[in-house]
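Note that the chains take the letters A, B, C and D in the order they are written out, and that residue 1 is the start of every chain.
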Amino acid sequence: MNSGEFSIPIIHNTVSIMTPFLLAGIGGLMTELAGMLNIALEGLILIGAFFSVVFAAYTGSLMLGILLGILTTMLFAYIFGAVTLYLKANVFITGLAANLLAGGLTTVLSFYLFGTKGVLRFEGLPSLPVLRIPALHGIPVIGDLLFGHNILVYFGWASVLLAWILIYKTPFGFRLRGTGSNPEAIEAAGLKPGNYQMAGILISGLTCGLAGAILTLNLGAYVPNISSGRGWIALVVIYLGGRTPFGILGASFVFGLAESLSNYAQGYLDIPADFILAFPYIITVTAMVIVSIIKYKTQGDSK
Amino acid sequence: MTPYLKMQNITKVYPANNLKANDTVNLEVFKGEIHALVGENGAGKTTLMNILYGLEQPDSGAIYLNGTEVRIGSPMVAHQHGIGMVHQHFKLIQEFTVAENVVLGMEPLRGKLFFDRRQAEQTVAEVIEENNFHLSPAARISELSVGQMQQVEIVKMLYRRADLLILDEPTSVLTEQEIQRLFKTLRYLAGQGKTIILITHKLGEVKSISDRITVMRKGEVAAVRETAEVDEYELSRLMVGKRIMLDFDKEVGFCSEPILSLQQVTAARKHQDRPLLDNISFSASTCEIVGITGVAGNGLSELEDVISGLMPVSSGTILYNDIDVTHMSAMELRKTGFSYVPTDRLKRGSSLASSIRENMIITNHHDYLTRGGLLDGKRIESHVEELIAGYQIDGRAGMPIGTLSGGNIQKVILARELEKVRDLVLFAEPTWGLDVAGSEFIYQKILDVRKRGAAVILISSNLDEILAIADTVIVLYRGRIVMKRPVRDDAVLSRERIGEYMLGLKDDFSAAIPAGAGGFLERAAEEGGEGYSR
Amino acid sequence: SAGSGESADSPKADKPFSLAVIVPGVTAGSPIYEQLVEGARKAIDENPGTSMKVVELGFNQAEWAEKLTSVVATGIYDVVITSNPSMPFVSMEVAEQFPDQKFIFVDGYIDGHPQMASYLYNQVEQSYMLGHLAGLITTSSMKGANPSLKIGMIVAQEYPALNKMIIPGFEMGAKAVNSGITLDYRVVGNWYDAGKAGELAKSMVDAEVDVIGVVAGGAAAGVFEVAKLRNKYVMYWDDNAYAQAPGVIAGCGALKQAKLVYEVVTDALNGNIVYGTARVLSAADGYIEFITDDPNYRATVPESVREKQQTVINAIVSGELVLEAPEL
Amino acid sequence: MRDTSSSKFAAAAGLGITLGAAFLIMLLMILIMSETPGKTIYFFFAGPWANTYYLGNMLNAAVPLMLTGLGISFAFRASMFNLGGEGQVYIGGLAAASLALALPGLPGILGIPLALAAAVGAGAVIAGLSGLFKYKWRTDELISTFLISNALIYIVDNIITGVLQDPESNLLVTRKIAVQYWFTRIMRPSNLDISIFFVILLAVIAYFYLYKTHQGYEMRMCGLDPEFARYGGVNVRTYFLLPLLISGGLHGLAGAVSFMGTQHMLFKGFSGGMGWNGIAVALIARNNPLAVIPAALFFAYIEAGAKSAMINADVTIEIAAVVQAVVFYLITAQALYSWIDRKHRRRSA
């Protein structure tokens, strides 16, 4: 990133850090609204990370890699959804299963496709195109927020808007929310709640696929377990964001900023790294408690 | 002529409990008629209609529309055949608006893609207009009264252009006025050529509204009659095999110390223009049944919550045996020995997933602690068995109460609340959804409680009920008391006169007729004429 | 006890030599462990009839002792060979429990235990050489090098060998170039979050670091990528990794682990190991080197710098510059 | 009565099918991945029983799972989430270790109870914090437990590898605790110790607490229908706090038990997975404290089988993960159970 005069790297990095949470969070929101707690996000991201870079390497095309990566992730999400919805299994435990399976599957495949369970490095992969408008980079904050990021970051921004439209402006989103709050009403209207829950799951597969793609295509390599907890943060972000797309945008930013700050802090503060690593979580939980206090005080409470 | 709808030899067994809910049932309904389907609780009415609406599949039997056989595999198919149903328990999405609930599943589109909310509200407004309902398409369901929610359910059907309308016990949750309005609508719709099947327990209603009647008993059709040809007594005999009347010996005891008294109680919630309860004062004395009525949405449920300690009071005091209980929580009130049968049996009154046993000891499980601090299983068991027998509850102590019938659930609640009454019981809508026999059983219990010298507060939107057993009638309108009289005061106590108070046309406590009541005038006039007599 | 009972009822005397290769962690992504397996494999393949089995202990150190015991308890293996400074400590109890089990530790130190032989690399030397080059680069006028005297280090997590040998050596080497050089040192928190490692690298570069030493396993990939984008330089331990990021990785140290293990295992199956001894291996012995004969090295680092670096390398190899390995 | 018996049958059969399916998939994977399938399969299943060492270690591995499983069951019974198990186990271990290291002179009869108390206390406080937030401001405990736990893990890491680190060792581990703190081993040479009996006893107590005490009763009612409980005069908010206190306490205990009998020192990251696996165990056990015991054993069995296959044959730990995944996918599948239930009814009707 050729940062302009007034560039604030912390902000700029915040954006690249937050994008995976943001995308996964938006996807998770869909299942959340359909009344399912989707803890499979972590596994979905991992699947997306693995397959997008592998396919990119095989096809030699980033676009194809991303596309096929997303499709594979959606397939994986479909299995998770099918077991949960059609076999009526407990969504939490199938979520755990999906995460386990993602870890096992990627390793096993990696071993049988490339003979290693370690880092997969793909030489000569084009790196993700970056949007540069040098003239505008200089604009304080805005410049860092909006420019000099790779294209998938903009998918992240776009997903917020698209999700907002989908949820509040289309019959689909309208029924999706209905499913979450009263499936019986949906049934009585001659619709199938299961379909909307499945749709939600597939969408989360889509966005998590993208989230994963960012992680690996940025590197041109796959590192086992590279999702390292981002799916869980996404879950946090959904709740912290009050289960709305723009709320999620805000929450991801908060967490991303905390993470970015802690990365910089490591260089300057003379306190043990561990404490600094804990910092983003402390910030987030604090934010969460404060939010709930405000909610509580404003809404009041019956005795 | 061929009937519009013909259900032939329908048989349905519920696997869950191998219970034959419908046994070779035959039902014929003609176009444009209002057909009443009556029967005791558990007779199989809902089951039959669920089959017609595609929610349940019959084990055998056939369904014909206009003489051609149809298979109705799902509500979707039912819609396609022009069949719509209003369920006993409404299926609405609380946080959505009226319009949104109505169009759900058939949303108007803008640009082939986007949900056209404006269009939706417009169309719905038209439907509401045509059938002169009193609903705002933009209102959230959570803000509506029960009666209005039901209107929404009906609008839903009309929006879908349904020709055959099924209403399952629509009146059991409605007030007198709302019932009258509903019947007006139904007649209007029938006039428009729609066919209507109406399930109800209330024989008076059957007489006043229906053209023909099918009587079910224990899953079979007991009789089919032209309404004109039967009277209520024959109907009740066909249903239950015995005569029922709503008059009781109301021997009043000679005691009357006030037990519970409310003084200028006002309850307001944030961002709400007028208080939900406005300066309420009355007291209930020993051996007295205070009946409190009013149109839903005028403070009945708030009063219930305030008295039971589930809703905070903004000002005023509540004295219980001269102790100030104004700010006591439900928990503290319970400790004082106050009994309460709530309106909402399924969420508040019981824990559906829990056993009858567990439901029966919620208020008093502390009495069953052994020295070891454990719950004394044996004592609980014998106690529960006693109650089950005493209240003729059909079910075993270990059964999830959710698998019981509505009536039996209510019996469990009564057993729990009345088993050791101290001196005050609050009943809220105790007979909703119950058949005549069930209601009678409950009235007996209420009168027993009074006979034992307790004070009874009976919150009910069912006037018959109030008139039948209350000693004092209080009418709430917009959170205020507009009438308070002894029931023996025959000057006012015709149901029509009370109706005028309920609509805010009369007010004993302020000369001026409250603003906003004007709109009701002409409707009230119409309805005044149409009250039926038993 | 049942365990030793087993090893007793499977006499080893006349049965062919069998080796257990214990990987404390997972082989994948760790050059050291890959070489461990490679070297052992070579020795075993050259000696028909002998056999080996690789067992990975995984990342949870709490389970290492138990898993190791399970391996030994089978009583199949004449010798257990493993590689990690912590393994002697882990093996103590097992050794007590199975008195006739022999252990060989490479990259570890234990002296005077009759069942154990150990070979410790003097990591200070490798780190010093890498640190020295880092110092040269940050003070150089190479493309991407800046005037500020800051070098960086990104590690997966802290562990004794890192704190006692690698970091001090790295810093010492740099300061030997210019005592004003400071080390900016940051922790990823795990061995796989390449994203986080990359972000740390960014923040370092923003703090005017121009050379970054990396000991972070798979997470290193993130550092390579950032260094490439911001044209900064990376120092890499234990393996020739120049090819992984040409033009970015300016220096690689290497341990001749495969060579060592091959020799040791060959000795072991010929019964030429003297148990109860400990050796410290240094650049002088040829088991530690700084890789200069790689085209990428020459392409990346300019002549002048390479020469200065070479003198230090020579000094260490010839033994005129002595860097003591501390007690581990 | 028949319906209950037949649904029991269904449960059993459903479990059978689940395990069968998992088994088949595993065979498939092994056949694909293993050069010596027969050997692998043998060790996968027979391995854990091969000798007292494997058997004992399998049982030993099940003990902390029982505790975390119990902990989760309590939370779930009260409809409270606890995603912070990992951190609570970790801090519990730390508390016990710190106490033991601080008071090396204490006699066991005093020391062990104190250490365990410390562990329970630490876990309870941490989980209780989320409970308190919920109690005071309705803060969503699902997320707060998770976040607090994650923050905690780093901090405990630091304490273990910092002040408590054993300077002698190259492992990331605390010093060994004094001998009198060690639990007595009962199946040498394995690591199994007497704690398993106490833990099983604890499960029975938990069962009694939930089903025979008024608190347990109130807790379950609050879990099932808060409004009903409130109406019935139960102080509902208490049960935002109490279940998490208990849940956290049990997790903390798991932390202590898992090292005081086994390694006698606290390793960085020793609690890895215990929290999540506890959730799995609880859900498999349908949150029934007694069922938690077999569920935990089953869980430990799969892991032990994988380990033994790994050591004695030629498969990798990932296969275990995949098998576990399959089991999880199917084990709570209601459809399977009700399907069998229907078939069974048909036959018996």
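Keep in mind that, in the parts below, contacts are C-beta pairs under 8 Å (C-beta built on N, C-alpha and C of every residue); 3 or more make two chains touch, one makes a residue touch a chain.
Computed from a predicted structure; not experimentally measured.
Visitor: A-C versus A-D: which has more C-beta pairs touching?
Guide: Spelling it out, more C-beta pairs touch across A-D than across the other pair.
Visitor: Can you check how far apart chain A and chain D are, centre to centre, with Cα atoms defining each centre and the answer in Å?
Guide: 29
Visitor: Once you find the CA centre of chain A and the CA centre of chain C, what distance in Å lies between them?
Guide: 36
Visitor: Which integer distance in Å separates the CA centroid of chain B from that of chain D?
Guide: 47
Visitor: Would you give the residues of chain D that are in contact with at least 2 other chains, written as numbers and ranges?
Guide: Within chain D, the residues that touch at least two other chains are 154, 316.
Visitor: Taking each residue of chain B in turn, which ones touch at least two of the other chains?
Guide: Chain B, residues with two or more chain partners: 310, 330.
Visitor: In chain C, which residues are in touch with two or more of the other chains?
Guide: Answer for chain C, listing residues that touch two or more other chains: 158, 189.
Visitor: Let me know each pair of chains that touch one another.
Guide: Pairs of chains that touch one another: A-B, A-C, A-D, B-D, C-D.
Visitor: In their complex, what parts of chain C are in touch with chain D?
Guide: Going by the criterion above, the answer is residues 1-4, 6, 55-56, 58-62, 64-67, 69-71, 73-74, 84-86, 89-90, 97, 108, 157-161, 189, 328.
Visitor: Mind pulling up the chain A residues that touch chain D in the complex?
Guide: These residues of chain A touch chain D: 37, 83, 86-90, 92-94, 96-98, 100-101, 103-105, 107-108, 111-112, 117, 229, 232, 235-236, 239-240, 272, 274-275, 277-278, 281-282, 284-285, 288-289, 292-293, 295-296.
Visitor: Going by the contact rule set out above, which residues of chain D touch chain A in the complex?
Guide: Against chain A, the touching part of chain D is residues 29, 33, 133, 136-140, 142-144, 146-148, 150-155, 157-158, 162, 276, 279-280, 283-284, 316, 318-322, 324-336, 338.
Visitor: What residues on chain A touch chain C, complex-wise?
Guide: These residues of chain A touch chain C: 1, 9, 13, 16-17, 20, 116-119, 121, 127, 215, 218-221, 223-226, 228, 259-260, 263-264, 266-268, 273-274, 277.
Visitor: Show which residues of chain C lie in contact with chain A when the two form their complex.
Guide: Counting only chain C, the residues touching chain A are 26-30, 158, 184, 186-187, 189-190, 192-196, 198-200, 202-204, 206-207, 218-219, 221-222, 224-225, 229, 244.
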